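What follows are several structures.
Shared between the two complexes below is chain A, which pairs with chain B and chain C, respectively.
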Partner chain A sequence: MNSLYKRLAIPYQVWLVLLVFLPIMAILLIAISNLTTANFNLSDISFQLSHWNDLVENQSLVDGEYFNSYLTAFKNSFIYASITTLVSFIFGYFLAYQIKKSRIKNKFIILTIIILPMWSNLILRSEALRSVMLDNNIFKSIFGFDILPFSVGTPAAVLFGLIFTYMPFMILPVYTALEKIEVNLEEASLDLGLTPFKTFWKVVFPLSFKGVVSGSIMVFLPTFAGFAIPKILSNGNIVLIGNIIETKFTYNIYNVGSMLALLILILILGSILLLTRFDKEGETLL
Partner chain B sequence: MTDRYSDYPVATLKEYGYRDYSKLKPVTRILKQVLSFVIFFGLYLSIIIIAIQSLNSSSVMSSFESISLKWYPNILQEDDLMTAIGATMIVSLIATALATILGTFFAIGLYAMSKKKRQQWMLLNNVPILNADIVTGFSLMLMFILVNTFIKTVFTSLPQAWSIFGLPTLVLAHLFFAIPFVILNVMPKLKETDPNLMDAALDLGVKPLKAIVKVLIPAIKAGVFAGMLLAFTMSIDDFVISFFNTGETFGMSFDNLSVWIYGVIGRRDLSPSVYAFSTLLTIFTLVALIGYELSKNRKGRVKIKK
Partner chain C sequence: MKKLLLAVTLMMIAISAVSCSSGPTLRLLNWGEYLNDDVITRFEEEYGITIKQTIAASNELFYSKIISNTTAYDLVIPSDYMVEKMVEEELLLPLDYNQIPNRALVTYMDGVVEIYNQMTTTTLARTGHTVDYSEYAVPYFWGTYGIIYNNRVDGLEEALNQYGWEVFFNSTDYFPNASRAMYDVPQDAYATAMIYLGHSPNEYSATFLSDAQTVLEGANFSQWGDDQLKKDVEAGNLDMAFVYTGDFLDRLYIQLDEERTIEEITADFNIYIPDTTIVFIDNMVIPYTATNLDAAHKFINFLLDPEIMALNAESVGYAVPTNEAYDVIVSHIDDTDSFYHNWAYANLTYYNKNAEGTYYPLTSLPSDFVDDITSMIDVVKTSN
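Entry: the complex of A and B
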């Protein structure tokens, strides 16, 4: 290739550096300032760190018990994201594996049909799920029974919404990784006397692990930092870290929002480093 | 001679460690099918409910009265919904078109680099994809506020209500996450192309830019197309990033469909026409994707026949 073409990437290098680093600089700057309004002059900003104390000291009284709302939200985010990732992994891997094993000729169509719900509006889908979790719902009025055994506001409701919204993000990379495994390897393993289960465990699974890592990150991160699904499906009862950032944004308390966003960012940088150990150019991200 | 050996006991398959699981097979097969169906149903439940509600003659989500198609023509009567659809389309089309063109050229540029350098830049390229939407959205918003303040202090003649929030911020924010997806789709196709192809074109005296358009882009067009589709779906479906960066431009609110619906369900007065619109879109997507896939197969078959 002509080395002249390298120049084509220069605008993108500038763009990436600007749009990756400037916003991070902005949250860094505002996370250590006193900024709490939307219309501000740069001259009004001054250095302030007192809100960082809230991370450890912010105690609220709920049901006669003191607890730290930020730490609780981080803990909730972590628990919900972990469970969602684990269940999506089990179900998503299972489904991807079944598609790969199936004798259907046009697997792409099956895959497309499975991930089709992803193309429809996320907020609307969550609202539809919320409506069937209510006591009087449209499903019950037609079929006479409740399709989902849990009601709005319970952890199970939120988990159901998260798992089935983000599972396609697990299915896709896992399927891509599975598809790349050569059939010869499996046949060799079976010929050499391994049982089908051992073949799967010792040959197929390790080779598809790259897809599992990509998928887990693609499920974990939006679950960890998202706010729409927990808010809709729990009526605001279950507070994840994203919900706190949304509230701070609504009330223009930008410095606290930035502080929390910064903490999420650190977590993400960790995951990106983890991913690059398995997948150098992000080929399984699609 | 042979009799000497027949005295020895013959090892059975069991003694080799072989266990016969063939009786379990029908059971596991049924279990697998049931589990697949349950997962499939879980994925589709929300879509099914949306479709049912779009056919419900009552506007209440809690009970089904009778089948009616009235919410479908009613889509056109819902002004707010139409504005939101319009805003979504404007932002997504502009962002997708720009992201596809720019992303393709950027990918070619990155491809021309040495492998090590390319990997470093691809790492940075993946940051917008892997970064949590809330961090991207929130941090871009803060940067845009700073830029907005800066512009206003420089150009003091701008009216008080003027702000970059709206179309410009939304397009920039969508480009920010759409370009990486285009690049990720184009890059593998670039790696598949024969490097001699471009060298031959250049040796034969084609100008570098013309060589890209005439030789390279036809070779990678499948990747460009896939990247465009992905960028478009990501852009149209985006909620979190748009939520933080939306605003008004030319007196029109550029809240996209997701942001608008999020606001409306907070007030609990969502029109069933929104469900009708979503159902239409789902059907359209399904038909388009299957049609595309079938036509691709037919083309492939014709080629083999020749």
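Entry: the complex of A and C
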């Protein structure tokens, strides 16, 4: 039986090697050589870093100021991902806490409702969101007022879309972490004289912190590297680094696209290393 | 287990039933929804050749499917610049016009002839070779790009007709409050700016690039999109957008189906096609992988028949390339059936063969130029 289990683990390992490991190696190779996927010929490969100059040279004069679109895009990604993570944390944490505290027997139902939006396609949801944020939209024509106070193309619209999409990724790990906390610990803290407020901050929150870290990573990374939501909700006006990479690959500029993708990979590796500092056993990643 | 076996057996039967149709076949590599089913039926009945279509969504995919040679396609329908690239890389077979007698019975529209000449010009400039593209390609559909506009904005229509591109790009002097949008394809954006500046959109230099950047920044685009643009203008959420003329006709036909009249619809939104604009042309070509040359030539010949070409255009919103097929379409102008009448009207109004214009198909630029253009567009987007 054991050997059967072993064999059942093989397909996904093969998958990982073929569709994750090898492509990452290809990205690395294309980022530092003259290869392109249109001309992926290992026999005439040569080391080439000239496109890395793009990172610093890709700037142009706009209104008398030098302007680097990659840098701006990285900055945008960082700002949007940070705000999304922070807001998801504040609202997501207390929602998870409230669910844990509530006396409802079937908490599974509530969690199901939270992930309900994910049952429909991400692009479809974003397009739907966009269509109610337009100046003339179906909601306005039926009820006479706007359901959402944001208009398409503004940073607020993009942030709303990102938070709306990624908040469940914060709620679920935080809720799991909260559920693991023994009730006795809280009771002991209250018995020994701490106020409920102090109990929360000194007992509950520190014990659930692993959930917060893992939730933050699950919100931050897809927001940082994603391109679909900002593209749809900003009318193509707000450019994140993911949008730049998408454009590069669409128009067959593989070396620059791979270079930028590699930078993001390094960033992800960095944040996973950061995570292991908080969490030596790697529990939150499970 | 028995059920599983049964399912597998059924699937095998289904697969073999699909793959073992008898008789000669034509393997066609095409765009989605780009061939009228009635045309397929008539072709199969007439010649006893089965058409097997494979759908791909971009010229680059056409190219890689031919290069990889996993399926031997007999006929492909790529656009202008991809035909240039395929001829350059010797992926296409010259056509045998002895097998295409219908070619002598029809004439290409002036616009089509001009596009073919432009392709020859850009190829000559790039490679130093003179190529007559009619040796390899027969046009399938073509179309212009234009500016779809919100006709509920007072005076916009008159201004566009009088000043053209100026109204679209000069947001300081013309309609500063109007919202403008560009197709989210870097080369298209660059090309329109070049046309506005009075250059050929296929020329390239660092100076042109920075001039184009200034123009695009001056337009102050509020949106960079694709399929959304036409709907946003239609709903009054956007005032001007650069799109395919076919995009506009798509929305026009949908509204006509909802029983609105042409006058009502064009009072809401309409399209302005500049005298100098970019165009695309899709062409029937035979790749070197073709195994059934006979069927491929028969299909090209069949499509050149004006009646068939018009029939094909019934389900596709682009312009037919021959004068004869165009005449068939516009002869329906007095038809009592509103579909045929509107169809003829739309072709007369928006694809009129007598319309005078300068049409530029976009050539395939070297990849470092494309890189520079996409970077420039990213700067325009991020700097506002």
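Keep in mind that, in the parts below, the second predicted complex is superposed on the first by the 236 of 286 C-alpha atoms of A that agree within 3 Å, B and C clash if a C-alpha of one lies under 4 Å from a C-alpha of the other, contacts with A are read in each partner's own complex, and residues count from 1 in each chain.
Here is the rule we go by: contacts are C-beta pairs under 8 Å (C-beta built on N, C-alpha and C of every residue); 3 or more make two chains touch, one makes a residue touch a chain.
This one's a predicted model, so the numbers in the text were calculated from it and none came from an experiment.
In the superposed model, A:82 makes contact with neither chain B nor chain C.
When the shared chain is aligned, no partner comes close enough to touch A:154: not chain B, not chain C. Looking at the shared chain after the overlay, A:226 reaches chain B, while chain C stays out of its contact range.
Look at A:244: by the touch rule set out above, it reaches chain C but stays clear of chain B. When the shared chain is aligned, chain B and chain C each come close enough to touch A:134. Once chain A of one complex is fitted onto chain A of the other, the partner contacts of A:121 are limited to chain B, with no touch recorded for chain C. Touched residues of chain A were counted for both chain B and chain C, and B has more of them. Contacts of A:108 after superposition: chain B is touched, whereas chain C is not reached. Within chain A, the residues touched by chain B in the first complex and by chain C in the second are 38, 134, 136. Across the complex, chain A is touched by residues 60, 64, 181, 184, 186-187, 210, 213, 217, 221-225, 228, 232, 235-237, 367, 370-371, 374-379, 381-384 of chain C. Residues of chain A that touch chain C in their complex: 36, 38, 54, 58, 60, 62-63, 67, 69, 72-73, 76, 130, 134-136, 153, 235-239, 244, 247-248, 251-253, 256. Contact residues of chain A toward chain B in the complex are 1-13, 15-17, 19-20, 22-24, 26-27, 30, 38, 40-42, 91, 94-95, 98, 106, 108-109, 112-114, 116-129, 131-132, 134, 136-139, 141-142, 147-148, 160, 163-164, 167-168, 195, 217, 221-222, 224-228, 232, 242, 245-246, 249, 254, 257-258, 261, 264-265, 268, 271-272, 275-276, 280-283, 285-286.
Those residues of chain B that touch chain A in the complex are listed here as 19, 32, 35-36, 39-40, 42-47, 49-50, 52-53, 56, 61-64, 102, 105-106, 108-113, 118-119, 121-136, 138-143, 145-146, 149-150, 153, 172, 176, 179, 181, 184-185, 187-188, 195, 198-199, 202, 208, 212, 230, 233, 237, 239-240, 244, 257-258, 261-262, 265, 270, 274-275, 278, 281-282, 285-286, 289-290, 293, 297.
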